[in-house]
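All chains are identified by letter, namely A, B, C and D, in their written order; residue positions are counted from 1 within each chain.
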Amino acid sequence: MNTFGRIFRLTIFGESHGAGVGVTIDGCPAGIDLSVDDFLADLERRKPGAKGTTPRKEDDLPEIISGHFRGHTTGAPITILFRNKNVRSGDYDNLVKTPRPGHSDFVAWKRFGGFNDHRGGGHFSGRLTLALVAAGVLAKKLIAGVKIQAKLIEAGGKKDIEKALSEALDKGDSVGGLVECVANNIPLGWGEPFFDPVESLISHLVFAVPAIKGVEFGSGFHAAAMKGSDHNDPILDDTGKTATNNAGGITGGLTNGNQLVYRVAVKPTSSIGVKQKTYSIESQKVETLEVKGRHDACIALRVPVVIEAVTAIALADLKMMFERTKT
Amino acid sequence: MNTFGRIFRLTIFGESHGAGVGVTIDGCPAGIDLSVDDFLADLERRKPGAKGTTPRKEDDLPEIISGHFRGHTTGAPITILFRNKNVRSGDYDNLVKTPRPGHSDFVAWKRFGGFNDHRGGGHFSGRLTLALVAAGVLAKKLIAGVKIQAKLIEAGGKKDIEKALSEALDKGDSVGGLVECVANNIPLGWGEPFFDPVESLISHLVFAVPAIKGVEFGSGFHAAAMKGSDHNDPILDDTGKTATNNAGGITGGLTNGNQLVYRVAVKPTSSIGVKQKTYSIESQKVETLEVKGRHDACIALRVPVVIEAVTAIALADLKMMFERTKT
Amino acid sequence: MNTFGRIFRLTIFGESHGAGVGVTIDGCPAGIDLSVDDFLADLERRKPGAKGTTPRKEDDLPEIISGHFRGHTTGAPITILFRNKNVRSGDYDNLVKTPRPGHSDFVAWKRFGGFNDHRGGGHFSGRLTLALVAAGVLAKKLIAGVKIQAKLIEAGGKKDIEKALSEALDKGDSVGGLVECVANNIPLGWGEPFFDPVESLISHLVFAVPAIKGVEFGSGFHAAAMKGSDHNDPILDDTGKTATNNAGGITGGLTNGNQLVYRVAVKPTSSIGVKQKTYSIESQKVETLEVKGRHDACIALRVPVVIEAVTAIALADLKMMFERTKT
Amino acid sequence: MNTFGRIFRLTIFGESHGAGVGVTIDGCPAGIDLSVDDFLADLERRKPGAKGTTPRKEDDLPEIISGHFRGHTTGAPITILFRNKNVRSGDYDNLVKTPRPGHSDFVAWKRFGGFNDHRGGGHFSGRLTLALVAAGVLAKKLIAGVKIQAKLIEAGGKKDIEKALSEALDKGDSVGGLVECVANNIPLGWGEPFFDPVESLISHLVFAVPAIKGVEFGSGFHAAAMKGSDHNDPILDDTGKTATNNAGGITGGLTNGNQLVYRVAVKPTSSIGVKQKTYSIESQKVETLEVKGRHDACIALRVPVVIEAVTAIALADLKMMFERTKT
């Protein structure tokens, strides 16, 4: 459903082409400095506009509706609203009956009996990640000291990302990408076994981000081919520092005092200029679809700031859980 | 924490070398046929004993403590308890001060101020997966018709799993493995965006299973290197059947009417016969550790039935959520 | 915290004198007819303006931000926002330092270290009940067939409510009241033992409504003085109809097929024209306070529609839980 | 459902005449001293045996299954199991078809399609409060310093409780009672608006206790007849001490630094020796029922220790939530 977290809790709402998208953040302590300006840098990183991203432009200025007074959080829930402005719903009119492959169009139409807001994917749109990024800004403040950084390390299977993008753009096609996230200075011991180890909370949030197909921590899928004598990370001192970091900074579901490292696989943008086959609900036949509208050639370009946000959100909740365990 | 699920809810408890491990299953409808015999086949698959698995043997007979009357579920919470019997705690005595690399020993000791039950990993032990398997048996009944099958498809990077095991056993070492899970006959539309898409629930549970380092759905990490025109799965008919299945049976976080496919990477067993370096809490120096006790050369061998269980658990909860949306 | 419910879930936000108040409703099925007009009748009943209520007037027109498309719910979360317009915050300026007896001013200031939005009670204001009433409108649609009616049956200890109000108004004072809620046509069997019997969900929500001091079901406090032979309700037929209704329509925490009946005690409005003593945070002495601003002489007058709303909200969630138990 | 709490969380299970009843307590910090002996005093207070209580005797010795090591909590979930021993199920055989008025027999049978364990009320039995009392013992440790005391202050409408009991026993009848609970030394500021004020959590738990018909805080139902100038509690100093305590120690849903006071109404025991009318499912007619078995003439006698327990449980969770808000 649309709420996540135990203490630091988010409730998300909105659609791509409706009135707007937003998030209510509950459980945030009072007295945290907060202004609209604090959101701008991360929102800017999520924005389209760079090569390989959609030309749709929104101001994406957050309105802080509640939980905020005289420049600080108040302890009450914080609702942040982004109004939709630059909407061209007409682009999506034919998609009701001709669902785009790789998109939620078909399943959403079936699941909600045709009542879903299909425009631009509606509630399934990547635009919802605006709300995650906004919540991430606040989460980062709550785990001050922890330094999170995500970046695109491959696109279309290439380290030369520019080249992969050019090739895709030339053909009206899209490419996937690999995003790596590292976080430093996380204290040892965050995580809540049995069901809420660090990996579980992060992956839960990661897969709420549209287009993610996989997640791996530390040695990840490579671990499946390793020997225990190579994989085990020898502990070196009382801080828990290890000689290697195959664990990716997590042991037994708890942060272990080393760098948190994980990677996510982002699929190629489903909306492509290339003509595709799909089943038409109207004609009840497979037809050729040409998707119009504005799209990203590599949605993975815009994913790193979202991945940072979900990492911060998961860690903020785990930190608060951790605090309560002090006896 | 130790409860998971919205309607079909599990609460897990217990330790490797304490009185036992168990699970309380809440939200199960009344009138489901259930007997101790129903658990035996899946419990048998999880048992050690085969080549490459630990020689520790437990009867592992479940006791149904509650929620069960005259051969059926009653609608009340079902508690299933497995008593620990074959416990040799002495094996673990030196591990309090000399934490095993790759295990929770060190982080648990730090997190819980030395009050954790360290014997055999305590609450962090893989023995807790007994409870998942038991809950999975019930979950499978709730989604009757859906057919789930997981198997080990690689060990130590090899398709020849026997060979990989022999090599590891010869050296007192261990190897990782790759487990693939497929599920057929899932109706279209299960999943609860924004925060509870199918992938989120499954991955959340998957990472609660000790030793998992990665999860990927459908095309998974390969998607990062693909083009959109290759990755998109053309929809062929009104059931949502697609020509390819890069999506792994999930679109927009909802089941799409095709086969659910995902894979998990299992790290090599951390307990190995090979000598290792680790930090001694007692001497405050790095020392050489020789792990005694009974261990698995390839824990991945015992993972498939656990992966089936968590898949069934996630799907059972999503099915119940799905049912309530009918208008 | 600010989210309630298992399937039909509300998240509430906002302040009395901030940008607005609102609610996000999650778990609502798609395809429910909904328009702004649907809210007006209940909102009108909550409005001030009648004798004994505050002269502050707000249009209180709901804006449906999300989850709504072409006159129906979409299955996505529904956010309803009420902008604050007619705000005279200046009235509350002195209350920061001179907390009003009976209000949250003092405790909120202490709890949130002075960061709370104190204006008009901020997040503690009765204005938040707007959000409950809005959610109640939708909840009533989900339990179509069930007929809920709440009314004020006593004010200031008198059945002649008009008279009690006149006396209070004449003295610049306020009076409490007793509200009774009945609901007919609830199917037998709603309720989720052990922790979520009908009374638990209703009372949980009832006490979230400011000014409620007590709740009793059926025979209520009178039951404490009764004999079992008088209190037991003889069952008359297969529908569960009982000869008497001391149970108030609930047995064993489940609806029993009879009329649901409960009463809530509403304290007198804390804001009164009469001068009062209170501790001044500024002077650190007890001082005399004269509360200005616009207030209700009997807040209980505006409570019935809120009580209907919370009843509907609790029942909607329990109905959805009930539906999933069909085997 | 059968789990309650946000951080300090209980999951309850079991039946009156099944294998046993128990509770899993999650979220308890490590390092709390705990032994079986710690439970005995409160369990003794809940036991039958005194005048007016059922002669059924159970040892009711708790077995600590998990989360406990070398005399302390470990940080892992604590499961406490009470085996049922002294069970005479035969007493209840005729109740399947002739449901007892005032009991869950009829509604449970309808709700669960006849699959419920009807013996002694099954999961609906007052015996489940054993689990609450056990959890209360731990909760009291977590809020050390807070002093909770509940007692029966009236039975059958009389302050002379002995007399009320004698009258009821003489006639094979039962009487209700009024229980008052006070708690001292609660720090100011516990409570989580909007949905989790102190009254909401306490009343939620209180109504999970069988036989409770009403709850009122401070002035309670009397408040409905009061004037604001009488009801408001003047604040006297910086600790929040008030001259009167109509608020019952809670303002705006938060503890206000004064004594917490609330009362609960307990209905007369439904099982009585007096002959009653009820609908027979078998004959499909109203018949005369004579309840055999062992029962309490005044169940309210055994309620105080349960009320203390639920108060402690609610406060322990609120304390933990409070701790996380420190900025």
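As a working rule, a contact is a pair of C-beta atoms (placed from the backbone, for glycine too) under 8 Å apart; a residue touches a chain by one contact, two chains touch by 3 or more.
Keep in mind the model is a prediction, meaning the values are calculated, not measured.
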| item | value |
| --- | --- |
| Farthest-lying chain, centroid of Cα atoms versus that of chain B | C |
| Of C-D and A-C, pair with higher C-beta contact tally | C-D |
| Averaged-CA centre spacing for the pair chain D and chain C, given as whole angstrom | 25 |
| Centre distance in Å when chain A and chain C are each reduced to the mean of their C-alpha atoms | 37 |
| Junction residues of chain A, two or more chains touched | 1-3, 6, 12, 27, 30-31, 75-76, 111-113, 115, 123, 193, 321, 325, 327 |
| Residue ranges of chain D touching chain A (in the complex, touch as defined) | 6-7, 27, 29-32, 75-76, 193, 320-321, 323-327 |
| Of chain A, residues touching chain B in the complex | 1-4, 6, 10, 12, 99, 101-104, 106-108, 110-113, 115, 121, 123-124, 128, 154-157, 168, 171, 173-178, 188-189, 192-197, 199-201, 203-208, 210, 212-238, 240, 242-243, 246-248, 251-257, 265-272, 274, 276-279, 281, 284, 286, 300, 321, 325, 327 |
| Of all residues in chain C, those that touch chain A in their complex | 1-3, 9, 11-15, 18-22, 24, 26-27, 30-31, 63-69, 72-79, 81, 111-113, 115-117, 122-123 |
